[in-house]
Amino acid sequence: MSCEVSLIAYTPSPARVVASAAKLCYSPSRASCLFDGLDAGAVSGFLKKLRSAGHLSPFEHASFTFAADGLSRVTSHQLVRHRVASFSQQSQRYVRANPPGAVMPPSVSASLEAAALFESQLRSAAEAYERLISLGIPKEDARFILPHGAHTSLILTMNARELHHFFSLRLCRRAQWEIRGLAGKMLALSLEAARELFDPAGPPCLTEGRCREAEGCGRLFSSMEEILSEIDD
Amino acid sequence: MSCEVSLIAYTPSPARVVASAAKLCYSPSRASCLFDGLDAGAVSGFLKKLRSAGHLSPFEHASFTFAADGLSRVTSHQLVRHRVASFSQQSQRYVRANPPGAVMPPSVSASLEAAALFESQLRSAAEAYERLISLGIPKEDARFILPHGAHTSLILTMNARELHHFFSLRLCRRAQWEIRGLAGKMLALSLEAARELFDPAGPPCLTEGRCREAEGCGRLFSSMEEILSEIDD
Amino acid sequence: MSCEVSLIAYTPSPARVVASAAKLCYSPSRASCLFDGLDAGAVSGFLKKLRSAGHLSPFEHASFTFAADGLSRVTSHQLVRHRVASFSQQSQRYVRANPPGAVMPPSVSASLEAAALFESQLRSAAEAYERLISLGIPKEDARFILPHGAHTSLILTMNARELHHFFSLRLCRRAQWEIRGLAGKMLALSLEAARELFDPAGPPCLTEGRCREAEGCGRLFSSMEEILSEIDD
Amino acid sequence: MSCEVSLIAYTPSPARVVASAAKLCYSPSRASCLFDGLDAGAVSGFLKKLRSAGHLSPFEHASFTFAADGLSRVTSHQLVRHRVASFSQQSQRYVRANPPGAVMPPSVSASLEAAALFESQLRSAAEAYERLISLGIPKEDARFILPHGAHTSLILTMNARELHHFFSLRLCRRAQWEIRGLAGKMLALSLEAARELFDPAGPPCLTEGRCREAEGCGRLFSSMEEILSEIDD
């Protein structure tokens, strides 16, 4: 059972906005005319050029806002390390976990013994949380006893340039499975909304044909389908 | 003659996106349900609360992209100092100024003698630029002789939180007239698109009832209309 | 038992660096001469002017690096939300908690019953973690069962402007006690290193004489000593 | 005659600070002990690993502050586009150019005719500026007639990660000669201060053995000496 992600808003005509910004840098046109003056072929051409030259700054003008539920706080802690992004996260200080749920890693659920242990520990943590609250301990303090895998919800916004950066790091097989799953869902939604901006996106093995990791996995991705297939659930 | 500004794209339903993000922080709802579940009154209520408590981070989820033409490079130099923003600017390295135009400050145009001097100097700078290019000097070097007031065009994106910050600094009477004019036009367009997010916006004298400047102008703004009326052209 | 913090490095002569940068903006001097040319009185004068006018950008030139141990991951999750900062955090993916320790909130330790419950739950979480690892579960997954209050260590760098922002938010009585304690220790160390840059620093009730919180605590701080005394341990 | 640059401050023991932060991520040590516990060999080893794996975030903990004089405002406009940096720039609003100087590009000074034209145009711009001021035009407006090549001074701070990024873009032969010269001087000073952090640094042709430019220069750099020799003056 993994997190659920939806794309709740994004810049309209994102590919055209990006292409207009790119064209402005190199043309004597007026900025305000560019947007209406670009046809689909021109948009596509500009985006290809930008991608191949690695000039990604115009991609910043298109912005995407996602909602994520059922993510662990382990992973939200990784996620909010991305600094060129905006986050609104459900507060454990103000919102009572009721009942406190948590993410069970696939490696745990794959073992009967591990899963039983995990489940039982979750239950006792939930009971301890409830008991602490009934003893008058503030929610913000009782949560110290909740597991790090406890559920959280976020709304997050990244621009298309940062999304590419995020996908390049978090769709690598070296990333942990949960943030990889989140990134995969965000990529699938981004592709639906603006394929021209995100095809291709992913780790350097796919987009640059090479791996930068000190200890790589040894298996280069050859397509976005392959990336997305590994993280489907 | 001042710069022309248009709003070429922005996050759809920006007030609702911001209110959903704000609500998520304090409610046990699922992130993906919030967006559809908020009615206009609730949106308005959440925005008021955020504003009054100075909790502006949810404003980051709404993003606005503007095109500006006829701005001077004096002012674009000030503008790009805002670091939480994205800029695509017409390049003087690749685009030939043809003919090179420039912004004449109102204080100059108000004096016959100053205006004549300015005009004549503009003409001789334009001629020198053309002559340097005809001598084989690259555009990127010939531009060193163009006036700092030379025209430029930009496409820029800021989120609503940064726009508030921008308006608070650049609509102050201590800001220079040209960037004040740009900010005023951006504010007018932002109000049309999402009044709930930007009413009020402006310098601290308006939004907080006090001036922070070491040497203030001594005249507090009392309404956004007053701010906008001073910069209309 | 609260976190331990040390200041491991900072820009030498930080007040003089900041004052030089400030002076450059308003003087015809050469940038490279300013630094040596300012005496202590001039430094002090420039800093006072900057502070009173709210022109804090020169404060960015002085940078401070802290090491923190014994912090909970609840609080490190709050801490890394500050985006104008650099963090290096001990990884739960690569480093085995051995034995897994955690922060017990003062509200919990103040109650015999709550403390006993908390301790017992900590022990069983630690045992579950060890058991999962012995079952072959990777560290990065076993940690999902560790409490959110589990210990972590970080090295973090902020410039003096961001430190002021951090102190204004996190020394407020509305901030949670643990990050308030961290901020208090960082402030005490910053004051030792560069009193001129940080006296005063703290929430708006101290620095601006007013509270911005929707639900304030009702008791304005009147001195930094008062702030620091409340968080001493 | 090109700009003059000096390094006025930097984080003490920058290589050790970076290596400590890197080590913390992967070791069970306490953060506060790491700094003193690393010998020179260990520092060197950690830095090599980080570099080869492209894990540059610990480089953010070391910060460098430069003073630059005699730079053109053409180039300061390019420079301040780097957003992960801090700038304090001499203000043309408050500081009177006296006399107004400017940078003459080498392509101009290489041609007697171009140089004469440029000089004469500079003189007439300076006279127009002085005349406008004597007519009562504010400095901030009179500067619109100064050439874009007019002199400016800045104090700027970047951390070592951003410096690497800056060097990778601005030491490329596709960058304009003036900012390349600035970057070269900054690199030479950074190498003196902390060779372990900056050897190698430069465009991708040097550091990754490949060019990403759409229209590259076709001549890969093979050493930092080669990079620095081309920009010496």
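Each chain carries a letter (A, B, C and D) given by its place in the written order, and its residues are counted from 1.
Here, a residue touches a chain if its C-beta (ideal position, glycine included) is under 8 Å from a C-beta of that chain, and two chains touch if they have at least 3 such contacts.
What you see is a predicted model; the values in this text were computed from it and never measured.
Asks: Between B-C and B-D, which chain pair is linked by more C-beta pairs in contact?
Replies: Looking at contacts between chains, B-D has the larger number.
Asks: With centres defined as the mean of C-alpha atoms, identify the chain lying farthest from chain D.
Replies: That would be chain A.
Asks: Taking each chain's centre as its mean C-alpha position, how far apart are chain B and chain C in Å?
Replies: Chain B and chain C have C-alpha centres separated by 33 Å.
Asks: Could you tell me the distance, in whole angstrom, between the mean C-alpha positions of chain B and chain D?
Replies: 27
Asks: Where in chain B do residues touch at least two different other chains?
Replies: Residues 87 of chain B each touch two or more of the other chains.
Asks: If each chain is a dot and touching chains are joined, what shape do you get: line, ring, star, complete or other?
Replies: complete
Asks: Using the touch definition from the top, list the residues of chain C that touch chain B in their complex.
Replies: Within the complex, chain C touches chain B at residues 49, 52-55, 212-214.
Asks: Within their complex, state which residues of chain A touch chain C.
Replies: 72-74, 76-77, 80-81, 83-84, 87, 92-93, 102-105, 107-108, 111, 113-114, 117-118, 121-122, 124-125, 128, 131-132, 135-138, 140-141, 143-150, 176
Asks: Where on chain B does chain A make contact in their complex?
Replies: Residues of chain B touching chain A: 4-6, 8-13, 17, 20-22, 24-32, 34-35, 57-58, 60-61, 63, 65, 67-69, 86-91, 94-96, 98, 153-155, 157, 159.
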